[in-house]
Amino acid sequence: MTIVYVITLIDSERLNEAVLEPLSTIGSEREDTNGQEPGSWVRSVSVTLSPFTLQSEANGRLMQGSVLIYDGETGIWRSCKLENPLGRAIESSETETILLGPKDSFSEQIDENMTLIRRRLPVMKLKAEKFLVGTLSRTTVVLMYLEGITNPDLVNVAKAKLSKIDYDMFLDSSHVAAFMEDHNASLFPQFMQSDRPDSCVNSLNMGKLVILVDNTPFALIAPITFFNLFQSPEDYINRWIVASSLRCLRYFSYFLSFTLIPLYVALCTYHYQMIPLQILYVLLESRSRLPLSPFWEAMAMLMTLEIIKEASLRMPSKTSQTLGVIGGIVIGQASVEAGFASKVLIVLAGISAIASFLSPNYVLSKSSLIVHMTFLMLASWLGVPGMVLGMVALLAHLNGLTSLNRPYLAPVAPFLGKDWIDLFIRGPLKAMRQRPSYLLPLYKWRYSQRRKPS
Amino acid sequence: MLEVVRATKWLPLFLFLGSVCVAVSGCRPLPQKNTLEELAPVIFWSIDEGTGGKLKISTMVPPLIQEPKKLLTLQVDLLEQGTKGFNLRYDREWKLGQLRILLISESLARKGIGSIINTLMTNPEISQRLFLAVVKGDFDRYVGSQLKEQSQLDYALYRMFKHYERKNQGELTIVNLHQFMKKVYSRYSDPVLPIFQADEADFVYEGSAFFKRDRLVANTDKSKDQMFQLLSNRHVLKLFPIPRYYTTIGQLRSKVRWKLSRDHSELSVTVALRGRIQEYRGARNLYKRSELGALKKEIQSWLEQQTRALLESMQREGVDPLQIGDLTLRPASKPIDREEWLQEWRKMRLNVRIDLNIQPLTKVSGEF
Amino acid sequence: MTPFSIFRRTTDYGGLYAMLLVNRLQMVYFALVIPAYLVQPYMIWAIFAAGVLSQLNLWLLSKWFASRYPEQGRGGFVNLFGGTTLRFLAAIGLVALTVKIIVITLGYTDIIQQFIFPTMNRTWLILFPAALACFIAMHGMESLIRFVVIAFLCTFWILILFLYFWFAGHGSIRDLYPILPPSWSAGDWNSLLLLFSSLSGPEYLVCLAPWLNPRRHPLKYMSIGNTMTILEYLVLFATAVIFYGPRYLSTIRFPVVDMTRYFQSPIFERIDIFVVPIHMIYFIYALSLFLLLFFGGVRIVANRANRPPVRTAFLVCCAIVTAAIACADEWSWESKVRLNIWQDLQIGLGAAGYAVVPLLLVVAIRRKGRA
């Protein structure tokens, strides 16, 4: 009998318990039980063994943490899966933190992640389909959806895209997303990444797809709309009026985060007549001693701000606090006193930086830098009309985007009035009686049709 | 769908790069920039008659708070020539986009200010909310003497106008460019502007100046102006001192009802006034109902007389700042001419009634 | 090279889009100047009259929408008119479309130049909107039809601002007198024609028929759109009359834009600088729609409609249109006291087009049905 395995990939303790010990017992009893039929040892090991014949199969199983056992008497190769259970425990999400609500989050093990989802959706309708992507990484990708709710067209499109993927390495779900997105060159994510099982389950329930990728805690949710990027799981935990106002605040602050400084530049460069007289005095006073034009002043402050932001990300958390203090207070204060920037601009830069942190989606807030710069240039170039032109171009671009062939700006364009209950406001849960219609769910009612709620 | 995507996917990038190139290279299609630090926004302009038919324009520089200010004056033929002239004299560029107040001297106003106002009105940079006022006396001398004491004189003036512009503030007539122009072009009525008296020490509100089209013809004195405030759109006065009867009426509100007879020969005006006696220094005992009633009657008849005098002075001058002419308009008939209206207005019989309702701030009893 | 499919069709868009398109296409440009030509308060009735006429046309148009032809797209027209006639009609349509594009673009250019950038080179002012419209049009007809919702949401609220004047004590009901016309002059007839022409635009929905499918209640949605437009015209006009008074109003070139100069917000003292460019949103929207239609028309005239569209051809079309606008601007766009030759031409063509197109289609359907 020959046993083949890669020691770093398997769980050696379980190998001892489940295979080696039973086999050695059989070996010592062999003298007495002579005349047993060959291959009967299979029954005595406490793991399931599957036979195989091909060399390529042997390689594949070996590299995925299986133990290969060759029985010399019968000449059959068998394998059992005993992979190393190395991984971390279920922790709370650090990227999507909420105060109230479930605290668990996905980990790197896809099976555990599926368990977390299945526990919340214990129904037979929840389907999971497995795909293998990556010629080298051999990453398992699981497509989950609710049968009978999710539109089959979406499932088919996703399946077709998954099976068409041809690439060597997949280390994160975003890599998978990159091969599935309709619009690669857009700044805006068309797949949402989340490591919260509750938001994944919520999306599944709405009729969306969830794609889990092995070895990453971030699941992909699709199709999404632009407005989904502003919805936090906490919206559904807060009182609905509070949640609605907070959501509106998020939209507003996203808008503010890339228009505030450009507006300052536009006003200081072209439209001085718009500024109220009181503010005009302040601006004149502070701007009259500055060496840089409003555009370059804003550009310099913006770059500094982004450098501080980026630096604080790469630092250990304790250092980044110091960095924030140095960056915010020292550089801000000093640049005003040194006469490099006006006080008004520092205030505006601070506001727009904080406003940019409000959007719950990290990818979106990262991308807003480029939008911000573009608006800044348009403002310095054409003033407020330039900004409006930029806004139109941005809206047209968003309007042209699709996520799994569903329009990105739904339910605004195309206009779907019923979905507006969970758009700018988060309506009361009782009133959200239908699944979003832009997803074309097969079953749209969210409550039982037989018993009408009284 | 995918094809459409490919068609457009690089465009944002190109647009972005394009704007980068253009913005950085300085190749801007915009020749005119209004960079804030290079501007001197004009807050007020004071226009006076110069010598030889010229205009004398003056304003204050610099716009900054912390620097000492001075008064600049120019004699020009054309208004916009003044802007240009100031530009040549000062390091910053003059801009009219923040022009808030225009002070016109009385002598100029008597000759007609249509052309000046038109110039300002057609300039899209200038706000329609520009405040207009007529000044008697030498405003430049007032500014000259105040420069040291009150460095932010222009701003303070603007705040004053702004404060009284709001509804329910009463006291002053405040008119902006649009309101003036609307009246100039209106079918029957004539514009009004506030008139101020300026000398070396003071800048005092005098009353309302009545225009005939764009020409100043008359103005009220201080006491008649109070009645004018109550009759015109404001309908409110915070304080109405009547020295003749040793009384100050406070928080006075008016409700005016105009009635024009069918043949336009008689105008009845009923003014319901409601206020309180804020101050009384006379000999009457106001705790007594009968005495209070007597005072009320006296004031009432005095007010009627004042109102009548005010309206008669308007008739004499042939102006209609109270938009009485609009009463002749009917939904379905052709409006009469302005000339015809003026003829009728001059000859119109007046019928003035005041319903005064004033409360003392104390309790009043029948006998004391 | 990937195929370029701006005319691809995957889903139908319902009545709501027809409604918004009718409304936004009727609001383009002329709505902003029209109070200065109506002037007298009794012209309110002229607005109603033009609205009723426009409603009549929409009724005819809905007859056509209810037939089986619109969903066949170009094939439907070929069935109705025959290939050669269709090419001829498309050529006429192209001329009308070009005039319309030129008038609205240069009209907005005038507004921007008067109120925001007085010294900017006009060619740039033409180029920017044209380039942006081209960019939007490149996204294809489907997303363009979807975009009308955004264009509407971004712009309709401006109307609410004007209601401020009704409550700010700028005038009384007497400013609206005489509300019944004491006399009716030839100028008033002209104003009626101008009104009807400025309400034109919905006839272009004919070209969008394959995508737009208000089959169930075509008339209902288009009527709502038309009514919304009439209400907007009424509010704009009545506000202008109250704000300026008739005599003053007749001296003003862009009354609707001029009124916004009076607005003041606590944060920004002159919100006209926001409002004027925001008006541009639906202008650019209309321009991009017209660019696509122009391209489609050129393809029909050139007998290329059966082949897949080519991106270069589309860009060339956009360039031609932009060049046409620039040439018209350079040589024949003079700001006269009233309207210039292009605007007069557009008033005639627009009114004629709006009157003739629905009639022609209904007559053709009748003839076909009988034969």
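Labels A, B and C are assigned to the chains in the order they are written; within every chain, residues are numbered from 1.
Simple rule for what comes next: a residue touches a chain if its C-beta (ideal position, glycine included) is under 8 Å from a C-beta of that chain, and two chains touch if they have at least 3 such contacts.
Keep in mind it's a predicted model, so treat the numbers as computed, not measured.
The innermost chain, defined by the distance from its C-alpha mean to the mean of all protein C-alpha atoms, is C. Among the remaining chains, the Cα-based centre furthest from that of chain A is the centre of B.
Between chain B and chain C, the centres computed from C-alpha atoms are 41 Å apart.
Inter-chain centre distance (chain A to chain B, centres taken as mean C-alpha positions): 61 Å.
Averaged Cα coordinates give chain A a centre that lies 43 Å from the centre of chain C. Looking at chain C, residues 117, 135, 139-140, 143, 269-270 sit in touch with two or more other chains. Of all residues in chain A, those touching 2 or more other chains are 271, 273, 275, 277, 382, 393, 400, listed in ascending order. Looking at chain B, one finds that residues 1-2, 4, 8, 15, 30, 127 touch two or more other chains.
Only residues 271, 273-277, 382-385, 387-389, 392-393, 395-396, 399-400, 407, 409, 412-415 of chain A touch chain C when the two sit together in their complex. Those residues of chain B that touch chain A in the complex are listed here as 1-2, 4-5, 8-10, 12-13, 15-16, 19-20, 22-23, 28, 30, 33-37, 39, 41, 43, 63-66, 95, 97-98, 100, 125, 127, 155, 158. Per the touch definition, chain C reaches chain A in the complex via residues 13, 16-17, 112, 116-117, 128-129, 132, 135-136, 139-140, 143, 146-150, 153-154, 266-271, 273-274, 276-278, 280-281, 284.
For chain A in complex with chain B, the touching residues are 182-187, 267-273, 275, 277, 280-281, 283-285, 287-288, 290, 293-295, 370, 374, 377-378, 380-382, 393, 397, 400, 402, 405. Those residues of chain B whose C-beta lies close enough to touch chain C in the complex are 1-4, 6-8, 11, 15, 29-32, 124, 127-129, 167, 178, 181-182, 184-187, 233, 326-327, 329-335.
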